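Everything on this sheet refers to the single structure shown next.
Chain naming follows the written order as A, B, C, D, E and F, and within any one chain the residues start at number 1.
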Amino acid sequence: MLAKVIFLVFGMISLALLLNLWSLLRGPSLPDRILALDTMYINSIALIILYGLLMGSPLYFEAALLIAMIGFISTVAVCKFFLRGDIIE
Amino acid sequence: MSHLILLPILLPMLTALLIMLPPVHHSPDRRRWLSMASTLLLLVMSVWLLSQTLTDGVTFYALGNWQPPFGIILLADTVSVLMVCLTSFLALGAICYGSAGEDERGSFFHPLFQFQLMGINGAFLTGDLFNLFVFFEVLLIASYALLIHGGGKNKTKAAVHYVVLNLAGSAVFLFALAILYGTLGTLNIADMAQKISAVPAEDIMLVKAGGLLLLIVFALKAAILPLQFWLPATYASASPPVAALFAVMTKIGVYALLRVYTTIFGEHAGPLAGMASAWLWPLGLATIVLGAIGVLASLDFRKLVANLVLVSVGSLVCLVAIGNTAANSAVLFYTLHSTLVTAALFLVADMIALQRGKAADRLVSARRVAQPVLLGSVFMVAAVSVAGLPPLSGFVGKLMILQAVDSGPAQIGLWSVILVSSLLVLIGLSRAGSTLFWRVSGQPANEDKAKPLQVFAVCWLLSASVALVAFAGPITALTQQGAVQLADIPATLSIILPAAGATP
Amino acid sequence: METLFACCIGFLTACGVFLMLRGRTFPVVVGLTMLSYAVNLFIFASGRLNLRGAVVLGTSDNYADPLPQALVLTAIVIGFAMTAFLVILAIRARADLGSDHVDGKLPGQKHAKREPRQ
Amino acid sequence: MQHWMEWAVAFFLLLGGSFVLIGSIGLVRMPDFFMRLHGPTKATTLGMGGILLGSIFYFSLSPDSISVHELLITLFLLITAPVSAHMLIKTALHHRLQAIERTQGEQELKRGQAHASKEGNRSGNTDN
Amino acid sequence: MILAWILLLPLLGTLVPLLAANWRRSACALATAIPPAIALMLLLYHGSAVFAGETLRYTLGWIPLLGLDISIRLDGLAFLFSLLILGIGLLIILYARYYLSEQDSMPRFYAYLMLFMTAMMGIVLSNNVLQLWMFWELTSISSFLLISFWWHKSEARRGARMALAITGAGGLCLLAALLLLGQITGSYDLDVILASGAVIREHGWYPLVLVLFLLGCFTKSAQFPFHFWLPNAMAAPTPVSAYLHSATMVKAGIFLLARFYPAMAGTDLWFLLVSITGLTTLLVGAYLALFKHDLKGLLAYSTISHLGLITLLFGMGTDLAAVAGVFHIINHATFKASLFMAAGIIDHESGSRDMRKLNGLWHFMPITATLAMVAAAAMAGVPLLNGFLSKEMFFAETLHQHLLGSLSWIIPVLATIAAIFSVAYSMRFIHDVFFNGKPKGLTKTPHEPPRYMRMPVEVLVVLCILVGVAPGYVIGDLLQAASFSVLGGTVPEYSLAIWHGFNLPLLMSVVALAAGSLIYINRKHLFDFQNTLPGVDALTAFEQLMAALAKRCQQFYNWLDNGSLQRYMVFVLLAIIVLAGAPLLELDTLFGGRPELPVDAVNATGAAMLLISAFATVVFHRQRVVALLMISVVGLMVSIAFTRFSAPDLALTQLSVEVVTIILLMLALFFLPHKTPKQSSPTRVLRDIGLASMVGVVIGSISYAIMTRPFNTISDYFLANAKTGGGGTNVVNVILVDFRGFDTMGEIAVLGIAALGIFKLLTRIPVFKPSSDGEGRPWARERHPLLLATVAQSILPMALMVSVFIFFRGHNLPGGGFIAGLITAVAIILLYISQGVDWVKARMNIEYQRVVAIGLLIALLTGLASLLFNRPFLTSWFDYFKLPLFGEIELASAIAFDLGVYITVVGATLLILASLGKMTTSHRPTHQEPT
Amino acid sequence: MRMTPRFSWLPTPYRSLLLFVIWLLLNQSLAPIHLLFGVVLALFIPYICYRFRDPQPLVERPLLALRYILRVFADIVTANAQVAVLILGPVHKLHPAFVRVPLDLQHNLPITILAGTVSMTPGTVSADIYPCTEHLAPDEPLPQRWLLVHVLNLEDEAELIATIKQRYEAPLKEIFKC
């Protein structure tokens, strides 16, 4: 049963990722795209965790942790870029 | 196991790091002296290593004590160590020239210079293909940084082209490496040589694709037509000591060609043997022709010298394509000669440019140089040597090239191209020399005299040209030995991979 | 799976190459980045694909080829260093030459001219 | 016990997956940027929490190990998600993105935009 | 060894004038003369042996590999030439002492002259053809220096360059010929080659060799059609002309003809090529000489003509002709050297060489005039002078050959015509200069030269007369010995008597003298006729040719290399397509037999996202920020792919590098335009798409082919030894820090160097600092958003904690120094982003380049530590320790190495990003501040 | 309100505690070696990070803080459920709005926590805090600050403001005693 559930969740997350990609491509504004990208980062954490479940291996955890910890930095950097142009001033 | 072979790589690295740290870091003089002293030490050590290699034959050094083919090895044979000696000899001249003031025109000159040496020596010594890539990158990134030393529009512009092309080259290198690893399952050059004879027939073409991709990489580094476009602008715009050091960079490409295509794709490689020659031969000839044309077309002297580099590269590539012992021996000798002499020419060009005021090294009439006798003499010596005229080393090199080819159509092609290009080079150089020194406008010469260290540097490099002739007998014997050793793959394999059986 | 993977590598390469052929520095940088993704995947693929392999001893009985992974790591780092250098060089070129064209001047323009400041 | 845990895992995973999906659906469905922002910041974060809980339970199924480090991911997400949202909305204000017409508090939006893009003079911003 | 000194002494003599540079002029000249004088004595010392028919040899090994030895061979011919070179050389030294003015650098002149003398001696004494060629080229170089001695004169520079180009070209032909000869005979030894004449002549390459050989000779000896460089070399100081164009340089070609006579001559081809060239040159030179108003010009063409004569003699192929040739070499050297010197005296003392101005000098310098007249008479072939004798022999030989069959009569006729002109120009030389009224428009009053300046001329003229009167006594032996070596043993009977009775040659001489006088008297008509012909100035023509060549070269070069990086890239890509694609076409099937893994929906989705985002990056590449967002999706998907295919280390690295790259690119975009203008034409885009897709197809196919093939690799060794040999269970990490730690050291060095380079790039950079974004919006006012700042401060310790964790687990589980370093760096960068450079700098003022250096040093020293234990560099060490209470812990040297990696990465990343960020900290233009 | 730490070697005790927990979570182990290492790191890292921290009020009521955290967690779950319904429900029925909440808090850390909480809980996202104070001179008095909030579906503005102020701001004021 669990395997089926995992695959179902896989499907959900894949769908979510595709939706993210769609809004990334669609825009229309730049903040929309950044938002989509940010969401995509977070959703990919879910994907990686699920891979970990599927494989039964804890080795995937660090990748997820890394995205959670520093993934938002690129979002912040892009926003800062739009706000101030220079992200390190 | 002697650790001596490590020194050409680690000594420059250590020097670079020490220069970046206190107490050396803050004093320009300390940086200079440490850098020069270390380079001198490097030269002594490389010569020592050479003498050791001559007595011991091929030896290897297993880094981390992991035996080949699993670990990375450094390979000391006559060819690689000779190249290291060449590099350190050249570097001493370049660093002395740079220490006369050029080094203060930007930051980190000495560390970058030493890193570059590390990369070059590493590329010469390594016996592992991926490690070769790493050292290529070391020397490339250092060269990118050195290229912009001193600043200026021309350098920036040249650097953009140089960097982008070489990055593309690096990507190709990685593709090639992956293909070779994916088919042969190893990274050690000797091990590849051994495994290539056992490649299943359906994989042969993949190996060939990988090997030919490597050819692109090395051709790009060596600046073979049509991948030579980056060279003239890069060499002509680089700061003089850097340009002098760059003189050995194209030779690394040639060396890599020599190493890879004799060791991996040598005669034992069955259907893959000599696959590069078919490409190298015509392209090498065309490179010579293009270089000669460029010599005539050049409007400033440094560009002319850069084109001379092309001529020498073309000749070397033709020799690599010929691939017999005589040719390989000629490759070694001609590399020694052409590297040092073109390096000297770059330095001479700068000394001339500095004294000619605004005209710099452009081939137009300008004020007279302040030290006509000195500069004229060094120019003359360098020009005679590079044009392949007697009595300096160029003519020995040219004779070796001409004698290396067996009779037949190849002979006609090579001879006519070499001889005609020699003539064009001669014409171009005589034109350049007479313009630079003799077509003077009325303005008085300015007072900027060349610094003693600069003069020493040039004389140091040119003395090599004299020495190469004076001791041509022993040196050609050395290069011959190197060529024989290079071609003797079974012997090398039996040393590196004794367990695996020596017959490839 | 291999077909799909190869298609991805090929497509990434093509996109990277196309961008590298553009005339401005920034697309070239982006193209190079893309190309290095392709290269990394390519090297990785040279160790063959393995869905359930491990590279940590003791976690599985089926091991992936660790060597290409190590090579890719090296390649990533070197690629990063190179990209960084190129990016800064692009800034420098724009500042020095007045244009972000890779040749430092627009095609057909004889000499580099400063672009009007924004 | 085992069985119960499996159910829990399944429940949390499904819950998480649904919320993740809902967050992304919100991203696509909502009519303006400000409304789109809500889905990913909230629903997705919760969804992640669900999936991570599922993972914790799953790895704790085997007797000899417990897995709690997924909590860290949740922690980080909780810290970072508001910041991303904040920066994004600031950018949107700066870019003067228009909210849909029925949005109330138009003057607050205007004020926010004016503040963000420095158009008003310095002293004008310190009123209210 | 004494033989070697004959060659060595002039070489050492090159240095003498340089060392004596500060001496008085006479002393300098004297010192310079000593080495050649000694050499001459040594030569004469060997005279008896040579006259006895011996060939003296001396060999010293030099470059055995090339067959190039220092090898000296003194036989009759070499002796003769050495005598001329040293003897006339000594006279020239004396002469030049007076000729050169105070402004000319005498040491330099003498040094060049001695260098040239060495080169000539080298040619004539060589017993190794490669050595011969070496000296041959040296003459070209040294003559270039001599001709251009007065470099400030344009014609001197150009003349010298032309001479160098022509003789250089000839030299290269000669080299080819000599190398071919060496291949034919199997030796570069002259003895061997001369002894293998039959082999050479019958060899298939003989025509080629001969043509190349003759090209070398003819260019050097100024034979038609390569004669034009010689008159233009007259821009040299007269001593140079006297030396080079009488006895040495131009005779080198003749010498070669004589030297290789036994090996090459005796075929019809030889006869045709050599004699016809000689004959043409003889006629052309003689004819043109008459019209030259410049004294030296006249002599130059006369030289050409006489060289043609000698060449013709060697071309005729009979033994007697060869003897006559040798004889004329001697005679021409003596009278032409003296004539040049006389011309120099005239020039020196009257200030002009123009025969239209120089008239009636007899009154001013009677002695010189007498000497010149004697020498000119010798040139004209007046009896009782040496020129007459060899000319008689020449006439006789022209009559005795039948090689042209029924047309053979034409040769004596043409020879006579040439002789007629020879007489005419000789008369012109005498009459126009010394008589014919008074000088016109001279700047100074002519007078006799200093005593010793005239002496060399006197010596030579006396020789002319002595040879002319008593040839047998004076040079009989010498001629005999020289002919002996030219002919290789069999010297024919010949008579050196002055009087052979009334015969046809005598008649020809008489005709020549009479007709010559007649032509001279009626020269006005001929001059008028000549003036109607279009005159071509060889020098201008040559310069134009060279300029045109250079221009063509430039055009070609610029056509090929238009300075466009895009074109260069295209070549690289084409190379990839051709070189990597061609082997693929030979594959029957790409599929290699390894079964494919199944595709599931999730993987397909991932792949689709990768492809779409890659495509979107291309589509959006003009909007740079969007492209950046798209490519980060690509990066994300690649990382996920790495995760999927069991490479967690790669995923971690890729992710962290990804973030740093994006920050970097954002930083960069501030200084770059935000949009890419549309520039490529549709065809260009189409071409690029074509190229790109071809490259993609090639790479993709190769990748597919590799992946589907079974495979043996060395990796099993790593799996087997990671734990036992490297002390870690994460094999990838063990490979990185242990098995292939050297790679990693290089890799972090690259990172460090890149950081240094970037720092270097950013120093003193003149930056654009846009005051608003691409859409014209001014920047937001708030620099450091509050929320971000606060969160960044709290993230930092956690990130450090995580990076410590990642660092330590790296050896056994995914992680390691590199990733840990990036996490730390990113956390600090976040501080930079949220708080700005000044804020961070106030709290942490570290020079990052030093951090980089320390990191690299740690890695290096860790590697070196193993040397202390006499293990190879980077040999790792690890062990397990039992601690009370805490249990077993592992310590490994790899940790120290990884620490170096960590520090380097932190330092390099911060150095890159922070120095980029630092650029704009001060004086940021804002909307409100006036810019 | 206290701004300066009690011990110079332990400037931020709660942060140290948090790090210690993180360390144990990361290692998923209570082995003595990990405990030891965790203590060392939990002391050392905050010590070196302290300089990278602007002066902030310190937590004075830890238990209250814990209660606050738990309450926020509960709110997140419920609020998210609501938002999920809103997202899936008919879009045209939503009443988005911008709302301005006056802030009593003055310091950055509490404001940040408040803003974060608001973003995570009931259909609101904190959009901006203005006016920004970074251009003020150090001795200038802080102006009244506002939190701009975007609400996905506004029912009653006053009630929302009151909720935020009472449910979240008031405890924060208490926790930091400011």
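FYI, a contact is a pair of C-beta atoms (placed from the backbone, for glycine too) under 8 Å apart; a residue touches a chain by one contact, two chains touch by 3 or more.
The shown structure was predicted, so the numbers you read here are calculated from the model rather than taken from an experiment.
Visitor: Give the chains in contact with both chain A and chain C, ordered by label.
Guide: Both-contact set = E.
Visitor: Steps needed, at minimum, to get from chain A to chain E via touching chains?
Guide: Step count on the best path from chain A to chain E: 1.
Visitor: Of the other chains, whose C-alpha centre is the longest way from the centre of chain F?
Guide: Centroid comparison gives E as the farthest chain from chain F.
Visitor: Identify the chain whose mean C-alpha position lies nearest to the mean of all protein C-alpha atoms shown.
Guide: That would be chain B.
Visitor: So which has more C-beta pairs touching, B-C or E-F?
Guide: Counting C-beta pairs in contact for E-F and B-C gives the edge to B-C.
Visitor: Averaged over CA atoms, how far is the centre of chain C from the centre of chain D? Could you give it in whole Å?
Guide: The separation of the two C-alpha centroids amounts to 32 Å.
Visitor: Using the average of all C-alpha atoms in each chain as its centre, how far is it in Å between chain B and chain E?
Guide: Distance between chain centres: 16 Å.
Visitor: Can you give the whole-Å distance between the Cα centres of chain A and chain F?
Guide: The mean C-alpha positions of chain A and chain F differ by 24 Å.
Visitor: Residues touching two or more other chains, restricted to chain F: which are they?
Guide: Residues 22, 26, 115-116, 126, 132, 135 of chain F each touch two or more of the other chains.
Visitor: Could you list the positions in chain B whose residues touch two or more of the other chains?
Guide: 130, 134, 137, 141, 144-145, 148, 160-161, 164, 168, 175, 178-179, 181-182, 187 - these are the residues of chain B that touch more than one other chain.
Visitor: Specify, in ascending order, the residues of chain A that touch 2 or more different other chains.
Guide: Those would be 17, 30, 34, 59, 65, 69, 71, 76, 80, 82-83.
Visitor: Please give all chain pairs that are in touch with each other.
Guide: According to the stated criterion, the contacting chain pairs are A-C, A-D, A-E, B-C, B-E, C-E, D-E, D-F, E-F.
Visitor: Sort out for me which residues of chain F touch chain E in the complex.
Guide: For chain F paired with chain E, touching residues are 15, 18-19, 22-23, 26-27, 31-33, 36, 41, 45-46, 48-49, 51-54, 56, 108-109, 111-112, 115-116, 126, 129, 132, 134-135.
Visitor: Using the touch rule from the top, collect the residues of chain A that touch chain E in their complex.
Guide: Counting only chain A, the residues touching chain E are 10-11, 14, 17-18, 21, 24-25, 27, 30, 33-34, 37, 40-41, 44, 47-48, 51, 59-60, 62-63, 65-67, 69-71, 73-74, 76-78, 80-89.
Visitor: Give the list of chain B residues in touch with chain E in this complex.
Guide: So the residues of chain B touching chain E come out as 1, 3, 6, 10, 13-14, 17, 20-22, 25, 61-66, 69-72, 106-108, 111-112, 115, 118-119, 122, 130-131, 134-135, 137-138, 141-142, 144-145, 148-149, 151, 160-161, 164-165, 168-169, 172, 175, 178-179, 181-183, 185-187, 191, 202-203, 205-206, 208-210, 212-213, 215-216, 219-220, 226-227, 229-230, 232-233, 279, 290, 293-294, 296-297, 299, 329, 384, 389-391, 395-396, 399-400, 402-403, 407, 415, 419-420, 422-423, 426-427, 430-431, 434, 437-440, 472-473, 476-477, 480.
Visitor: Enumerate the contact residues on chain E facing chain F in the complex.
Guide: Chain E reaches chain F through residues 781-784, 786-787, 789-791, 793-794, 796-798, 800-802, 804-805, 831, 840, 843-844, 883, 885-887, 889.
Visitor: Inside the complex, what are the residues of chain E that reach chain A?
Guide: Those residues of chain E that touch chain A are 601-602, 605-606, 608-609, 612-613, 616, 625-626, 628-630, 632-633, 636, 639-640, 643-644, 648, 651-652, 655-656, 658-659, 662-663, 666-667, 669-670, 770, 772-773, 779-780, 782-783, 785, 788, 795, 798-799, 802, 806, 813-815, 819, 823, 826-827, 829-830, 832-834, 836-837, 913-914, 916-918, 920-921, 924.
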